[in-house]
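Quick one: structure below, then a few questions.
The first chain written gets the first letter, and so on, giving A, B, C, D, E and F; residue counts start at 1 in each chain.
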Amino acid sequence: MTAFAFLSDSSFLKSARNELARPYGIGGIAWDGAVTNRPGARFGPRAIREASHMLCDGIHPHFDVAPQNQLTDRGDLPLPNTSLADMRYAMAPLVKTLIRQHHMVWLGGDHSITLPLLQAYREWLGQPLAVVHFDAHCDTWEDHFGEPSGHGTWVHEAFQQGLVVPECVTQIGIRSSGERAAREYVRDRGGQIFTARDLRGRDGPAGMAPVVQAIRERWQASGRPPMYLTLDIDCLDPSFAPGTGTPEPGGLTSTQVLTLLEELADLPFVGMDCVEVAPPYDHAELTSQAAAAFVWTYLCGRMARSAGVTTAAPSSS
Amino acid sequence: MTAFAFLSDSSFLKSARNELARPYGIGGIAWDGAVTNRPGARFGPRAIREASHMLCDGIHPHFDVAPQNQLTDRGDLPLPNTSLADMRYAMAPLVKTLIRQHHMVWLGGDHSITLPLLQAYREWLGQPLAVVHFDAHCDTWEDHFGEPSGHGTWVHEAFQQGLVVPECVTQIGIRSSGERAAREYVRDRGGQIFTARDLRGRDGPAGMAPVVQAIRERWQASGRPPMYLTLDIDCLDPSFAPGTGTPEPGGLTSTQVLTLLEELADLPFVGMDCVEVAPPYDHAELTSQAAAAFVWTYLCGRMARSAGVTTAAPSSS
Amino acid sequence: MTAFAFLSDSSFLKSARNELARPYGIGGIAWDGAVTNRPGARFGPRAIREASHMLCDGIHPHFDVAPQNQLTDRGDLPLPNTSLADMRYAMAPLVKTLIRQHHMVWLGGDHSITLPLLQAYREWLGQPLAVVHFDAHCDTWEDHFGEPSGHGTWVHEAFQQGLVVPECVTQIGIRSSGERAAREYVRDRGGQIFTARDLRGRDGPAGMAPVVQAIRERWQASGRPPMYLTLDIDCLDPSFAPGTGTPEPGGLTSTQVLTLLEELADLPFVGMDCVEVAPPYDHAELTSQAAAAFVWTYLCGRMARSAGVTTAAPSSS
Amino acid sequence: MTAFAFLSDSSFLKSARNELARPYGIGGIAWDGAVTNRPGARFGPRAIREASHMLCDGIHPHFDVAPQNQLTDRGDLPLPNTSLADMRYAMAPLVKTLIRQHHMVWLGGDHSITLPLLQAYREWLGQPLAVVHFDAHCDTWEDHFGEPSGHGTWVHEAFQQGLVVPECVTQIGIRSSGERAAREYVRDRGGQIFTARDLRGRDGPAGMAPVVQAIRERWQASGRPPMYLTLDIDCLDPSFAPGTGTPEPGGLTSTQVLTLLEELADLPFVGMDCVEVAPPYDHAELTSQAAAAFVWTYLCGRMARSAGVTTAAPSSS
Amino acid sequence: MTAFAFLSDSSFLKSARNELARPYGIGGIAWDGAVTNRPGARFGPRAIREASHMLCDGIHPHFDVAPQNQLTDRGDLPLPNTSLADMRYAMAPLVKTLIRQHHMVWLGGDHSITLPLLQAYREWLGQPLAVVHFDAHCDTWEDHFGEPSGHGTWVHEAFQQGLVVPECVTQIGIRSSGERAAREYVRDRGGQIFTARDLRGRDGPAGMAPVVQAIRERWQASGRPPMYLTLDIDCLDPSFAPGTGTPEPGGLTSTQVLTLLEELADLPFVGMDCVEVAPPYDHAELTSQAAAAFVWTYLCGRMARSAGVTTAAPSSS
Amino acid sequence: MTAFAFLSDSSFLKSARNELARPYGIGGIAWDGAVTNRPGARFGPRAIREASHMLCDGIHPHFDVAPQNQLTDRGDLPLPNTSLADMRYAMAPLVKTLIRQHHMVWLGGDHSITLPLLQAYREWLGQPLAVVHFDAHCDTWEDHFGEPSGHGTWVHEAFQQGLVVPECVTQIGIRSSGERAAREYVRDRGGQIFTARDLRGRDGPAGMAPVVQAIRERWQASGRPPMYLTLDIDCLDPSFAPGTGTPEPGGLTSTQVLTLLEELADLPFVGMDCVEVAPPYDHAELTSQAAAAFVWTYLCGRMARSAGVTTAAPSSS
């Protein structure tokens, strides 16, 4: 046997595979071995790619661009699957190479993949990153039910390891239960949190303006660091994203997320991941189509608004 | 064999079948041979009828009327099913007769059925129509992947054939991808578009007042033409309507659509269709119940607000 | 045979079972023999308990408390299941005992269980109750398709039997069809109704303030009677709660309900039920997780805001 | 309100409704208030009718007849739904009339409907009946978890009430757990049992010959009493019939049941019921289509083989 | 827009795409516009390919070969989708080319694709073909509900057009209803039929020997014509293949089909199609995995047993 | 946080928990971190327990015993979940204790748990074991896609580590693809294999007699070693067990497995595991109910036939 059956054999937007000269790239990290509840996110990369095929000839209605010709799909990383530590060890050199070749969007997989991604960007860029973090959960646990790392510990680890600019970490959509120290972890270290509760009844560019403004101001005040976007699909309410591992009622709507992605598009993101899409619990591709739309919007936003920011010049961020 | 197994054997609201003297009628067009992605809308008429049975003794909470005694179900049209052209050819005389017998609501079926419906109304009424068009997609393609007509070309064809009053065509909920020429087709010809993005954060009569006002003003400014309502269920976000063929994340909520149907009720609609309900992708009747509620609200609105407008007097529109 | 297979063998939040000294208790009433459409709510108690396990170590993000140590699960009541009358007869003495032992939250079951619950509270407290009633349906029918009582008659019966303070009955989320006399039943007797239509576009504490204020003022004006909360999960739009027996499109969002539960938390509730969760129609635990979150929020609100109100001192309400 | 939403508005095989002169009739008994586990069989009559539409122009491949023109659908009986006793009381006079009008096939509903059906046939025919009983469960409990009657007690009750000829009661497919007295109840009273275990590896006319022969011989030896067929769909293995309330692994295949229905067709059945089809747990109509095929095979067998036996001449049995 | 969203972007067994030198090829015909009941077979090619990925490193346990290196996937044919006639017109030249390049296995699509496939083979080979036809339905209708051709008419058309050797047409698994003339059409013209009823209780090489022997003898007696295999997945019982358009209870088991495919492997097949896999009605990939296993078994059988028979030498058959 | 949300809070057959004096015990190993395709078996212990509740008052129809009073449920083992090696390290001492307290049945979890179980039994009993192994897959890979151990390597590892008596290893139901060395691994080392193909058409005690006889004879010829039963639910055909991670068409029926469990019951088994039940892919509890029935049958068989063989006297095996 040479490869796991769950690895994908198709490409995002049916873009050409492994075209090294294209500026944007897709990479799948089909790993779900660090979830605390429902597994299945290993099928996320495959399902998001399949869902993207509805968009494969599309031009974005807001940004008026189409990403196909600038995009290549680099497939799913070949990774071991019985140990988080071994997976991350194998993942590191692969990521190191890919982020130097393309502006990458990573399709997870569970949220434990974001820590090694941040480590790679931190090392490559030579500075800590601003992070926009969509999620139902704060992911600031100090351990994973007794183990050192899981899919709910990466924010804590990123702060501990100096991967992020604390004032430029923004969490959006948080509503998970937990002790105050965990819930306020980011705010206690200088970052900001917009809980799902804070955003109830807000939508559209006007409704979301305070969020966008706050992110922008902090970024400017902190010396305009490079930004990273991590989007856990469970930021959405379960009615919009049933196909995920740890759903939490009372979440964001898909239009709230789309509004933020559109309004934040001119910030200098250097990469994105979209994680925790777990197709076995999905229905009629609700979740994977939402994820595909978010990734597509991010890519179109990059191309439309940030022409000067490419992976070849990260310091220009 | 005499009839396809998918034709319905029950009636909307359990209303009496084939009562020619009743002013309102239901007709099913169980055709889905022109869809670009997921087929199944042939089961739409059956599923919407079944879903309507929860309403069969109901009195509408907003309009305070009940449509059962004024309504008859004329069943599903007998149609060939392997060719769009042949289907439309067979459909035309049947529709011609029915719209003269009743104020009809048509249950689709995919959106390719709206073109021959508009042709029939245009011919009968002797003038082009105002159209209120709920949809995720603009349906203005100039071809169907190389074929002349499909479920995404009818708006283009209707404009080309002079079936509509351009200034009185209003699209609501649009969010599909595509080139600018297609996306702005209706606006470029004098019509108006309220994208799903435009409506984010708007709901209730106050929130929707600008939309309602704009439709009304254009109608008055254009000589008060008869109006037609076409409602593609994919105007709803997929979380509200998973059972459809080409879902698009970021759509309307069911309360947004209900608000508009209620607020527009005093306009002189001469007919309605509700299309693209594809039950194989539905769950727990979410989509068919939404469709049944929309059709029921339309019918109750007709009866409550437009007592003077019946199929016997189309010119009074 | 000794017990029905559908009775639950697990406990809400994995709390200890049958700890008589704990102030809060959970009781299941796994009965769905009085529904007019889709049965299955007998599995509601089991599904809500299973769904609660995602919260079993949680601390509420708004109230900053955790209910586990003050809570006990008393299991599902042993009840006959072929006759509503016999079921209620068997239920009465069991409820009588339990409400004197704990501040109870009841997991239904269909809404026909609320009448005997109100009877028990009325008798115990010696006075009629204020009621906050979340529902799509007004439940004011005078009969159940020819039978005297069902899941849609209990409001009428409660008024007739003097179980409630009419001015302090508030219905929230109503949108069902029916004759005016039924729809306005509560208002005609002095109560108030916030239909789903009334709440379109309102969310968050500010958006919901008029509702909260109105409930509070009536309660104060009526001598501050003890309050009871009955939450039919179909108050939610079917996209948020597909797993219910009589879904109605156009309903509340889960954040609207959460907002109201949080904002009303300092009122002197003496008990709650959450009914009509019908798991056979659910998907990916959407409905049971929403129900679990609502019950958990209620319990945390009780503990956080109403320290002085316990089951030992109902008159202090 | 006048009727429950779950009552069917279509007819078996799309046959004409309420044609009193036709010899064969279909009646629905949409009741599931006496089940011990998963409810939902109230939707059985609707689902079996819908499933039958695939057969509506069919001619039976084994019997070479088509039943449509001799068949009428009498709809679902109007019945109260919160009490088994009240339901049976309302059901009795309706059944009494129908069995004198047509050779009826009854679509359940749960198995508690068979007792009043047998009572009606016993009274009409003036003698006890032979019964062929397909089921996973012996249905010989002496009570229903403390109540006198349920869906698992009717065999015991039928014996106690003298409704059956003990030697001519044959149970097929039995595999449920229970004490020996219940499992062997029928055999202890002179009847015979072919458990699912007994039939493992047997199929086709040759394989089933001993079963058929044994039934025939007992019937002849007992004076050729009229026969009744009651088919609980859970006689099938759950893989063939997931949509039922109390599935039991290790059951019959659909070809085993078809073989027996075909081979027994020349016996003088006076009626049949098909019960416990619970559509909420079904997938892709597996269960309702199996049920429709069984009912259709029974009807075709009647018409092909038993021309002399009609409802007008029950004594000829 | 350039291509329908439902076309597949992955390959069978992850084999290399468009390798013209490889002897075996896969072609998808994603068309379902001629079905009489549930559409969805357009997703069949995609689903069968995805399901095959579990086998992508496999060596067949019976034939001890692996097809990957001799196989190429030629993708889905680009076809119009609103007219059967237009689709067949576009399909013909594509098929003509492909069958000369590879020994093809065709993934449908509905069964209306088999007629033009047989036409292409007939023309290329210069003689009529023997056909082994697995199906629940005889597909011998003389029209398609009034239209000349559909998915149930191709056998009749093939006989009329002289595409087949009548004595060498074998139907296996037939159980559909219909008039005698249709059911016996093939037998009346000299062919043979093994109904599902005929095969009850038969399995394994010994049990299936008479079927295999009869096919072989007729083939030898008729001058050893080239053979074609068409496998409608609804030959399987719906419990094994719920994901199909016109399921029929009482069908074959997957082991019966596997046995026949294995035992017939040394006959000189020149091509195969596997049709009517309709993924929207499938569960957990039951149907698409069965289809993938059948195609894989056919391919392995070809390679193991028929080394001398390649597409370059059809006359050697 | 103290425990994963997926751990079960109910018990098999609703038996009492943690009763150390009872001879039989249930233990859950909710681990699925070593699967090659679809994860989800971590929910297996919970689902099998829930499914068992239909049997909770049952007496086995073949063995005429009921296990409740001799059985205790020891819950799910507390285990780390991001590393197979760490999980096995934590599992070992827990298993060591439990097998000395009770005759255990283990609910998996994926098949990687069987290796440490065999290690524990081997150490405790002081001798290698006979193994009856139901499975679609031979599980004899020498590595797990590059890692040393997974869910498909345990048979190889068990042979290498001397945990089994080679002549007494019997594989039943095997049909997976793979190279000859893997497929014949067990036979090459002296064991025996009954593939699913070998068993086609065999069922019932007579049909299965050769299998039973062969197992018994080898056991006697090898000095009657203690036996272990490992049952991978994917031995069943996917139609009987869709809820599993690596389904393979062409598998056993549930009656074939039940027959073997019944016929083998008098052999001296010292323990059993039932693995690879993956509820996210299940429908209507088909798979978990089959698993529950198998475990229940094993337990009843133990109690009925092997009164002298208890965990207190392993050497008597």
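Going forward, a residue touches a chain if its C-beta (ideal position, glycine included) is under 8 Å from a C-beta of that chain, and two chains touch if they have at least 3 such contacts.
The shown structure was predicted, so the numbers you read here are calculated from the model rather than taken from an experiment.
**Student:** Using direct touches as single steps, what is the fewest number of steps from chain D over to chain F?
**Tutor:** 1
**Student:** State which chains count as neighbours of chain C and simultaneously of chain F.
**Tutor:** A, D
**Student:** Taking each chain's centre as the mean of its CA atoms, which one is most distant from chain E?
**Tutor:** The most distant chain relative to chain E turns out to be C.
**Student:** Determine whether chain B and chain E, two copies of the same sequence, contact each other through the same residue numbers or different ones, counting it as same when over half of the numbers at the interface appear on both sides.
**Tutor:** same
**Student:** State the pair with the higher C-beta contact count; candidates are B-D and A-C.
**Tutor:** Of B-D and A-C, it is A-C that has more C-beta pairs in contact.
**Student:** Quick check for the class: compute each chain's Cα centroid; which one is farthest from the centroid of chain A?
**Tutor:** D
**Student:** Any idea what the CA-fit rotation angle from chain B to chain C is, to the nearest 5 degrees?
**Tutor:** 120
**Student:** How far is the middle of chain C from the middle of chain E, if each middle is the mean of its Cα atoms, in Å?
**Tutor:** Distance between chain centres, rounded to whole Å: 56 Å.
**Student:** Could you work out how far the Cα centre of chain A sits from that of chain E, in whole Å?
**Tutor:** So the centroids are 43 Å from each other.
**Student:** Distance-wise, how many Å sit between the C-alpha centres of chain A and chain F, to the nearest whole number?
**Tutor:** Measuring from centre to centre gives 40 Å for this pair.
**Student:** Two or more other chains in contact with one residue: find those residues in chain E.
**Tutor:** 1-3, 5, 37, 54, 57, 178, 202, 237, 239, 246, 281, 283
**Student:** Chain adjacency by touch: line, ring, star, complete or other shape?
**Tutor:** Graph shape, chains as nodes and touching pairs as edges: none of the named types, so other.
**Student:** Looking at the whole structure, which two-chain pairs count as touching?
**Tutor:** A-B, A-C, A-E, A-F, B-C, B-D, B-E, C-D, C-F, D-E, D-F, E-F
**Student:** If we count contacts the way the header does, which residues on chain F are in touch with chain D in the complex?
**Tutor:** 54-55, 57-62, 64, 202-204, 206-207, 237, 239-240, 253-255, 258-259, 283-286, 289-290, 293
**Student:** Please name which positions on chain B make contact with chain A in the complex.
**Tutor:** Within the complex, chain B touches chain A at residues 37, 174-180, 183, 195-197, 200-202, 237-239, 242-243, 246-250, 281-283.
**Student:** Which residues of chain D touch chain B in the complex?
**Tutor:** 1-3, 5, 7-11, 14, 49-50, 53-54, 56-57
**Student:** Can you check the complex and tell me which residues of chain F touch chain A?
**Tutor:** Those in contact with chain A are residues 1-6, 32-34, 36-40, 42-43, 80-86, 112, 141, 144-147, 149-150, 246, 280-281.
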